[in-house]
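First the structure, in the form of structure tokens, and then the observations on it.
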Amino acid sequence: MRFDTGLMSDSYTLYNQTVMDHFLNPRNLGEVPDADGVGEVGAAACGDIMKISLKVKDGRIEDARFKTFGCGSAIASSSMATELIKGRTVAEAMSFSNQEVIQALGGLPPVKIHCSVLAEEAIKAALEDYRKRHPEAAGQPER
Amino acid sequence: MRFDTGLMSDSYTLYNQTVMDHFLNPRNLGEVPDADGVGEVGAAACGDIMKISLKVKDGRIEDARFKTFGCGSAIASSSMATELIKGRTVAEAMSFSNQEVIQALGGLPPVKIHCSVLAEEAIKAALEDYRKRHPEAAGQPER
Amino acid sequence: MRRVYLDHLAATPVLPEVLAAMQPCFLEAFGNPSSLHQHGLRARDALARARAQIAALINAESPEEIFFTSGGTEAANLAIKGVAYANQRRGHHLVVSAIEHPSVLGSVEFLEKQAFTATRVGVDSQGWVDPEAVRAALTDQTILIAVHHVNHDLGAIEPVAAVGRIAAQRGIPLFVDATASGGWLPIDVQAMGASLLSLSPHRFYGPKGVGVLYRHRRARLVSILHGGVQEGGRRAGTENVPAIVGAGVAAEIARRELPERIAHTAKLQARLWEGVQHRISYVKLNGPPPGAQRISTTLNLSTEFIEGEGQLLLCDLHGIAVASGSSCVSKSLKISHVLAAIGLDHALAQGNLILSLGKDNTSEEIDYFVTTFAQVVEKLRGMSPMWADFQRGVIDSVIQPSGRGTSFAAHASALAGKPAAARPS
Amino acid sequence: MRRVYLDHLAATPVLPEVLAAMQPCFLEAFGNPSSLHQHGLRARDALARARAQIAALINAESPEEIFFTSGGTEAANLAIKGVAYANQRRGHHLVVSAIEHPSVLGSVEFLEKQAFTATRVGVDSQGWVDPEAVRAALTDQTILIAVHHVNHDLGAIEPVAAVGRIAAQRGIPLFVDATASGGWLPIDVQAMGASLLSLSPHRFYGPKGVGVLYRHRRARLVSILHGGVQEGGRRAGTENVPAIVGAGVAAEIARRELPERIAHTAKLQARLWEGVQHRISYVKLNGPPPGAQRISTTLNLSTEFIEGEGQLLLCDLHGIAVASGSSCVSKSLKISHVLAAIGLDHALAQGNLILSLGKDNTSEEIDYFVTTFAQVVEKLRGMSPMWADFQRGVIDSVIQPSGRGTSFAAHASALAGKPAAARPS
């Protein structure tokens, strides 16, 4: 069965180009070696799981990596979230919001908004973990 | 708008060929001059009206004519009924049944059976009228 | 044989452009819009385009207000039952015109078996609903008003905008069945004040197997076919993609060609009615006269002393396709409830013929119809005992009374032993 | 790009013969079957022929037992609601399998809001209904049993004939949804003891926009779409003539080609499952193994440590069209109720992929799928924290437990702060 007619020449995607790009070519995939903070969260709604690990230096996020068990938009959301968070101070990152992810991705289908929420939660969990492991950091001046 | 394609080559009819023939080429259409009996009946169900007039000679129906206000099967039923009744004795005709009409027509759609009933009733009304006008006929020997 | 199609209210052929648009959906682009892969996404995209095309035809605010069903009947069922069920906590009363299509009245009757009540608002002799009568029928329990745009039998254009204003004042959704007008009259759901409106694309050169229900985003509506979450959860079942695509294209072309179609059919309509009046005696036009209050595509005629099925069959024999509202053509043996509702004399209802014009009919076809129809009438009157009785002065004409003889209806009911049912029981 | 279509349960293209048969119905033979003229009578004739073709496919006693609807969903709605309303004086109880399609379960839920009650009979881990469990669920109020022929997700062939015998003993009509099997398995309504049976022609190379409901002449059924008296008064609305004609031809060809189609797909099914097992670790087949108790066209796979939507998207990127029962692909964010009903572990339900074969798939396509799928799995596992945790022995495999680590489900529910919903709430 072949469908290579003119009709199939344009390629349809479930998500927009940015989301598809981050799903297919995820940025910051993996785990930071000797991470300073690791967050792993699960979505009650659908069962997705996201794990984000951070390398923090001088109160600033030097590296962020993710691994995600979940749909295309969950993978894209975590990819984008790690991109966005890199270079921010821990304090800045604490106010990170899923809206940034949605915006940077150029929008998500309504039913997939929760993926961006999960990314936010994973980052916050990782920051929480960082603070727990580095109680001294809480008082650190943020350059 | 033209539909003369091969697809339209066969001609579809609402009724079978016999019914269509009797509708398009009704037999015994008209009124018998100086009729010996006339019956006019109406169908309560649909509003059809049938009028049948008879010429009786020596206790035998010599001529029968009809006029009908009604659908194709009503016209065909009265045409066929007059055909069937011609030549019968009055006594024979008194037991005329709509089933004969249906059979001779090769069947009628279920919803149109009442047309044949109307034809039977018109004939019986005409015979009734004949007997009323010719009380002597009741006792007449039927050849 | 010459073939003249004058039954566009029953069905139209699809436009070549419509068929061309549908074609790929059968073979290559056959996906199910619920599928997440290329084939499904492509079908989804096609649905979205069709939705926008339909929205444009009726000036809906957003394509998301357009729902696809399997046809005009399902759209009417969804509108009536879907609104009723969605609002049953608010009330249980519906107000509908007495001459709505059976798909509307049948849905209402079904609901009446389920603790809903309904008021049927009558119409005048032309088939018009009085908006004030609609207002008078409203109660604080009323959850839906249904008045169609154009009556399918009579061609009367109803005062839906006036009804829409009353509906808006009272905050009650108005459903407008535009099955008989869609593609043939300008429709603006916003100007009309319609919360719901249905269309039947196969009556304006779209395909069969698809219907449209417009629903204003604030009108509550629940599904009546249950299952999957297609059509925003308001109509379950795999979408009929080719037909929906065809409906979209038909709508787009209808919108473009509307003025032309109206002008053309109005011209033929006038020619037809003039020709009939000129050639045939004792014939009456039912519904409004040609003009602004009648749709340009239809004529509803009653020819005295003969019955409609015979007219239809003889026309067909001469290649002319028409319809009739006579009791003889209905499976229930009742005259059209519409003809009964306008109080049409039984004799005239029986002699009914309905003609509906299309964009491809020609003046020559109209002339051929008129000539043929005159012969048909003559042939049937030659068979009719009523015509003979009329000639003898035994019964009188309803259309042009001479003052001699009894009425056909009185005559017929005397014969049948009961009154000829002017109204269906 | 290479394109391999493995989603025939969602949609099939129409056969060239089907399209050829439909074609005239759009342009020349476009009549409305309710019309009494040539165009209408011709359409009527076409419907009769299609009815006979469908009757032959399922061994119905008479074409008059065949009703056309707009699709499988409407057929199921009509069967469930139409039988329930028709028999509500006899009783108000329905018995259905728990893994019926949403069109069946949704219809039942709708009725439950209207004073009907229902018992959902569970299934075993393969997806089989136990006929004795159906028997046990019957009460003297039961008016309908519904058990589908083949489950759409699992491919399990249900013991419908055994259920049919119980139904016959108790004098209760049995409705068999054969949407997933029609055209792919022999169907004999008489041998099955089905009083009602539905088909979806667009799943066996017929068009969309048409469904079939078989109804044994003694089973009482009322209309659910109200209006005209089409389809013997059991389904109002202008008939979708082209689609019905296409359905008839598709049925005739399906009947002729059935053995061939079964043999071909069974061969591919075996090759596919063998290939997957050979190339991919930690993968499970849901539903019965290939063989007599499984339809030859489908495979339902669960691949551990990765989620289904991603598998689907990556397959699509390589031109392969598949489906998934993962919660991520559903608008309700729930895993398929079927996977929940067989008690499938949440991790496996999330990793679900559904493949459905067609008559035109080839061995090469299957091999291409297997190779591609192995890459897809590898890529997704590379992104999955669960795969990493499994490698480290933190969590264990459900399919091939090593005894080290906690279960995925326990891990996920700890993270989410509540148990992973194995059953939809």
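Chains here go by letter, A, B, C and D, matching the order in which they are written, and residues are numbered from 1 within each.
Rule of thumb we're sticking to: contacts are C-beta pairs under 8 Å (C-beta built on N, C-alpha and C of every residue); 3 or more make two chains touch, one makes a residue touch a chain.
Computed from a predicted structure; not experimentally measured.
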Query raised in the report: Going only between touching chains, how few steps reach chain D from chain A?
Result: 1
Report task. Name the chain pair with more contacting C-beta pairs, choosing from B-D and B-C. Result -> B-C
Report summary line: Top of the farthest list for chain D, CA-centroid basis, is B
Query raised in the report: In whole angstrom, what separates the CA-based centres of chain B and chain D?
Result: 56
Report summary line: Cα centre of chain A to Cα centre of chain B, whole Å, reads 88
Query raised in the report: With chain centres defined as C-alpha means, what is the inter-centre distance between chain B and chain C in Å?
Result: 37
Query raised in the report: Taking each residue of chain C in turn, which ones touch at least two of the other chains?
Result: 3, 5, 13, 28, 36, 38-39, 309, 313, 329, 331
Query - Touching two or more other chains - residues of chain B - result: 3, 8, 14
Query raised in the report: What does chain A use to touch chain C in their complex?
Result: 3, 5, 7-8, 11-14
Report task. State the interface residues of chain C toward chain B in the complex, per the touch definition above. Result -> 1, 3-5, 13, 305-307, 309-310, 313-314, 317, 326-329, 331, 333, 335, 346, 350, 358, 360-361, 365, 382-386, 388, 411-418, 420-421
Report summary line: So, in the complex, the side of chain C touching chain A is made of residues 24, 28-29, 36, 38-39, 41-42, 44-45
Report task. Report the residues of chain A in contact with chain D in the complex, numbered from low to high. Result -> 1-4, 8, 14, 23-24, 26, 29, 31, 40-51, 67-72, 74-75, 111, 114
Report summary line: Note: in the complex, chain D contacts chain C through residues 3, 5, 7, 10-14, 16, 18-19, 22, 26-28, 30-32, 34-40, 69-74, 76-77, 101-104, 106-107, 109-110, 114, 200, 202, 207-210, 224-229, 236-243, 309, 312-313, 315-316, 319-324, 329, 331-332
